C-alpha cells in the first residue's frame, strides 16, 4: 500500500466541489480567452470579497506566471525589486524575474518577513544613481516561504512606508488562504486589497487543479495588463477552466473553509507531537509543522508516511516537515500521531 | 435560447472521457511538477506513437508557452527565427518571441506554408553578418493558420534543406490533430518526429481542458529543457492535470478520432453548402470552412448561429468562416444546412 | 599606392579641429560620466540650436546604442515599433531592438520613407488586441537608409498623425547632417526637435571619432533616462571624449559645414557622371551617388578607387555606389571623373 | 585655482603618446567595424603578450559593455553568474546583466575576492534544479572593487575548481593594469589568459580615452562573438579609435609602465602618510589609498585637493580615499604630503 504523503499541499487534484463545477459546466459554449461567463462571475465574487469594485482581475495558471506578469507589468527596465533572500522569486523560480530583465535586490528578512527598517536599509544601500538599479517594487509573500504571516500592523506599516517613498507593494499569495486562516491572523481580504497595489490569491494550494487570481487594486497599474498576460503565455484559450474553479471557491466560503481545514490538521499534528514531549523547530502558524524527532522514530514513521527530513539537529535527532492541505485525511493525521506514540 | 457557435474550436470544455479521467484519478496522491504517474504514462504513450523512444517530452498549459519555451531553449541571443508573416508567433502572440529577445525574419508564405525556395531566399537576404541576426530556426505550423496542411514530400524537402544549411526545424502543432486527420494528409506522427527537431502536439483544440505536449526528437536540444519550462512559468505544481488528459487522449485512438470528427463535420458543412450552389473561398482541408454567401442569407443564419464574417466579397456577398471541433453536434450541422437551404 | 575609397563615410578619423579640441583639453581634470564641462557645454550648444531650452540631452558612443537606449526608455514590454522594412534597426543592427524585448512591425516604405497612410495601415493591421503587440513608437531615419530626405510637410504630417493616435515619433539621425545639408531640405534642427518626441544627431559620420547626441524634447520621456544609458553600457567614464567633440562641432557652424562638403562632393560626382552621359539609378539628395556604368568602365575605375558594386542592371551594366564625407578630397573626386571620362 | 583631484583614475583624457597615435593615423583611410590595420595590429600585440596565438580579441568602448557582451555570449537563459556582492556587475552597472536575462547569485567575498570554498558553497545552495537557475559562470575582478589582488595560487585554485565543476571563469580587468603592477603580484598576463576562459583588459583607467579588450582564450566561446558585439551596440563604425590606442599601449611596455606609475604614486602617498604617524584603513596594494585622518586636517586638505571622505571612524576622525593614476603629478603628491605635515 502507498505511504500517505505529508510532503506538500499539492499532492491531490481538485476539491470535489470544484471538479464537479467543471463537470456541470463542461459542454456549454463559452467565449474564449477569459471572457466566459464563469471567469466574469469569479471576478465579480472576488471584487466583492476584496472590497474593490473597480479592481482589475486576471486569472492565470500558476504562481510563477503570476509573478512574471505582475512584476513585468509594473516596472520599467531599470527598476528593481526588493525581496527577501528566501523569497520564492529569489530561490525557487529559476531566475524568472531576471529573465524578463529586472534586478532583485535581496535582503535578509526577519522570520521570512520584510519590515520598514529592512526596506529602508535597502533603499539606502541602493541609491548610487544611475549606477544602481532603482528600487521600485517591494515583493512580499503571505504566508511567507517559512510559513509565517503578516499582522495587520506589520502590513500597514510597510504599506505606508511604500506610499511615502514611491514604492509599489506586491504580495505573492500562493498561500494567502493559509495565512488568512491562521489563528494569529487579523488581516481580511479587504485589508490586503487596500494595503497593496497588486496581489494574487493562490488557488492551486487551496483546492483547484490550477490557477491563481491577480488582483490589481491600484488602477494606474491596470492599463494594458492583458497584453502582458498574453505575451507571457498565460492567456488560456479556455479561460473557463480557471474561471469555473475560482467561481466555485468564492461563490461561498469554500476557499476559507479549505484553508482552515489544512491549518487545523497542522495544528492537530503540532499539538499531538508536542504533547508527547517532542519539540517544534518553529511555531505552527499555518499548514506546515516542523518537528524535532529522534532518528529511530523518523525511520519508523517513514515506513508508513512520506515527509521531508528538513535538517539534522544532532547525531540522533532531525527536524521533519509535515505539510497539510484541504485534502488531508484526519484519520491519517491520527494514524501518524498514533505511530509517533508507539 | 443561445445561438449555436461555429466561432472556434475551443468553445467547450473537455471531451467527457478526458474529464472522467480527471475525476477518476483526482484523489490519488502524486509527485508534483510533472513527475506524477499520469504524466509519465502520457509521455510513454507519446514516445510510442511518435516512434522515438528516447525523445524528451514536456507538457505545458498553452501554445504560446510551448512556443516561448521551445524557441528560447534552442537559440542563442543573436539567432533569429524564420516564420511566415501569417505565423501565429508573428501576429497572434503579442510579440512573445521578441519579448525573450529573438528576431523574427518574416517571409511571404505560399498558402500559409513555407517552401525550400522561400527559406533559401530568407537566408540570402539575411547574410550581412554580423550586422544581421543569424537565421537559425525555421518555424512552421501544421495545419497552418490558414487551415492548409503539409504533405510528406513538402515537409521532407524542408527538413533536408534545414539539415543541409544548419537550421533547426520547429513545428507548431496547435492544430496538428486536424492536419493528420485531413483527407489530404500522408504524414504520420512518426514522420513529424523524424523530420523536425522539435514540435508540439496541441491538446486544447482536440478535447482537453488545456495542455500541449512538446516533443524533442533531436536529443542535443533536450539538455536543461526543464529549466526553461520552469523559468517561463510553465511548470505546474499539479502536472497531473495535463498528464491525465494526454494519457487519456493517447492511451487509445481518441486524439485521432476527435480530430477526425471535427474534420468530418467541416466536410459535411462544406459539401452541403457547395451542393446548394454556393462557392467556397478555399478548399476545406481541415476543420475550417470558408463559404461565400449572400448577405441576406448570412443575416438570416446569424439569428440562430454564431460565426465570423471573414471578409466582404461584393456589395451583397461575403465570406463566412465556420469552425468545427471534436464537440460539434452533427444535429447542429444539419440544422445549419437546413437553414441555408430555406 | 592605396586606392582611394568611396566605400563609406567613416573611413577616416576625426576632423582636425575636433581632434585638436581633444588635444587642447586632454590634461584638464574633469568630473566623470558626462558631467564634465565640455559635455555640459555641448549640451548647451545643442539646446540652443534645437531651440528647446529644457530638452534632456545624452551623448553616447554609437548609433545602435542610441537606438537601443531611446527605444528601451520609451516603451513598455508589450509595445511595438513601426519601422520601414529597410530601416537600420530592422536590417543592420543584429536584432538589437528585439534583444531588449520589443517587436518591430515592418512596413514597406515609399522611397525609404514612411507616410501617414503607411503608418495608418500598420495600425489597422495590428489592432487585434491583446493578441497583437501594441504599436506605440514610429521609427524613421533622416536621411533614410536610401539617402532620401523628409520635407517639412512630410514630417509635419507624420508628427500630427502620431500625436492624434497616441504614437511617439523617434528619428534616427545617423545621417541627419547630410539630410539638413541637402539641396532639397526645408527642415531646420528646431523643426526636428519640435516635430519629434526624441531624436539623435549623428557625429560619427560628420567628423567625430565617435559619438551621437540623443535629444529628448518630449519632457515626459526624460525621466530616469540616464539609468538606461548606464544599464546598456553607454555611460563612458570619460564622457568628455564625446563632449569635447560635440562641443567643437556645434560651437560654430562646423557640423553643417562638414555635412555640406560631403553633399557637395557627391553632387559634383553626380553631375560629372551625368554630364558624361551616364544615368543615375536614383537622384543624388545627400552624400550617396548611385550611378549606372558599363562593366568595362567599372573594372577600370576599380584599379584606382574603392566603391561598392550595388547591383547588376544588365549583362554589361551595373549600379555602383559612391559615398562622400567631410573628409572627401576634391582632387580625388576630380581624378575619379577624369578616369570616367577616359 | 582648481583643486587637484585624487577622486578617481579617469579624470584626465589619454596619455600623450596615445593621443599622438590618434593624431598620426587620423587621415588614413581604413576599413570600418574593427577590421582596420590598427585594431588588427593591437590584437596581434595582445595575442603575443597573453601567449595565446589563437585567441579571439574584441575591442569595445567600456567596461559595462564588455561585461554584458561577454556574459551574454557565454550563457543560455537559465544559466546564472556567481559574483561577489561587492562586484561591479552587482552594484555598479544598473542591473545590466539582469537586463539581458541572467540571474546573479551573490556571495560574500573575502577581502573582495572569491575562493573555492565560497564558490562551492554557492553551488551547494543553488542545486534545487530546475527550480533554481543553474550556476554556470564565475565572475571575478582583478584588482577587486576593494583594490585587492589575486595571487597566482588563488587564481589557479579557482580555475581548477571551475574546470572540475563545469563552470566558466570570467575576469573583469577594469583595473588589471593596477593588479599586475602591484608589489604583491605574481601573475603575468599569460597566466590570466591560461587560467580564465574569457577576460578583459581595461584601457580607460590606464591611459586611453576609452576602450577595453576582451580576450577569449577558450576557443569554444568565440563562435559568433561579433554578433553579440554588434547586437549590444558596441561595434564602432570607426573601430580604429580603440585599435590605435591599444596598439600604442601594447606596442611597447607602456600599459605596464603607466599602471606602475599609478601604483607608485599611491605607495608614495601611503608611505608618507604612515610615516607621519597616521594609520591606513587598508594596506595599499594598488592605486588606492585609504587613510585615517583627523577631521581638522581633512578640512584643511580639502581646500587644496579633491578626494572622497569614505567613512566616519570616530567623532573626530574619518577615512579618506585617494586614487592615483597614470596622470598623477608627483609634485601634487608631494604637495599633498607637505600639507599633511603642516
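Every chain is named by a letter (A, B, C and D) in the order it is written, and numbering of its residues begins at 1.
Following the convention adopted for this analysis, contacts are C-beta pairs under 8 Å (C-beta built on N, C-alpha and C of every residue); 3 or more make two chains touch, one makes a residue touch a chain.
Since we're looking at a predicted model, the values are computed, not measured.
**Q** Among the remaining chains, which ones contact both chain B and chain C?
**A** Common contact partners of chain B and chain C, which must touch each of the two, are A, D.
**Q** Using C-alpha centroids, which chain lies at the maximum separation from chain C?
**A** The chain lying farthest from chain C is A.
**Q** For chain A and chain B, what's the span in angstrom between their mean Cα positions?
**A** Between these chains, centre-to-centre, one finds 34 Å.
**Q** Please tell me the distance, in whole Å, between the geometric centres of chain A and chain C computed from their C-alpha atoms.
**A** 51
**Q** Could you check chain A for residues that touch two or more other chains and list them?
**A** 77-78, 93-95, 99-101, 130-131, 133, 227, 230-231, 235, in rising order.
**Q** Hey, which residues of chain C end up touching chain B in the complex?
**A** Going by the criterion above, the answer is residues 77-78, 80, 91-95, 98-104, 106, 128, 130-133.
**Q** Chain A touches which residues of chain C in the complex?
**A** 72-73, 76-78, 100-101, 129-131, 133-134, 224, 226-231, 235
**Q** What residues of chain C sit close enough to touch chain D in their complex?
**A** 2, 4-5, 8, 10-14, 16, 19, 22-23, 25-32, 61-65, 67-68, 93-96, 99-100, 204-205, 209-210, 227, 230-238, 240-241, 327
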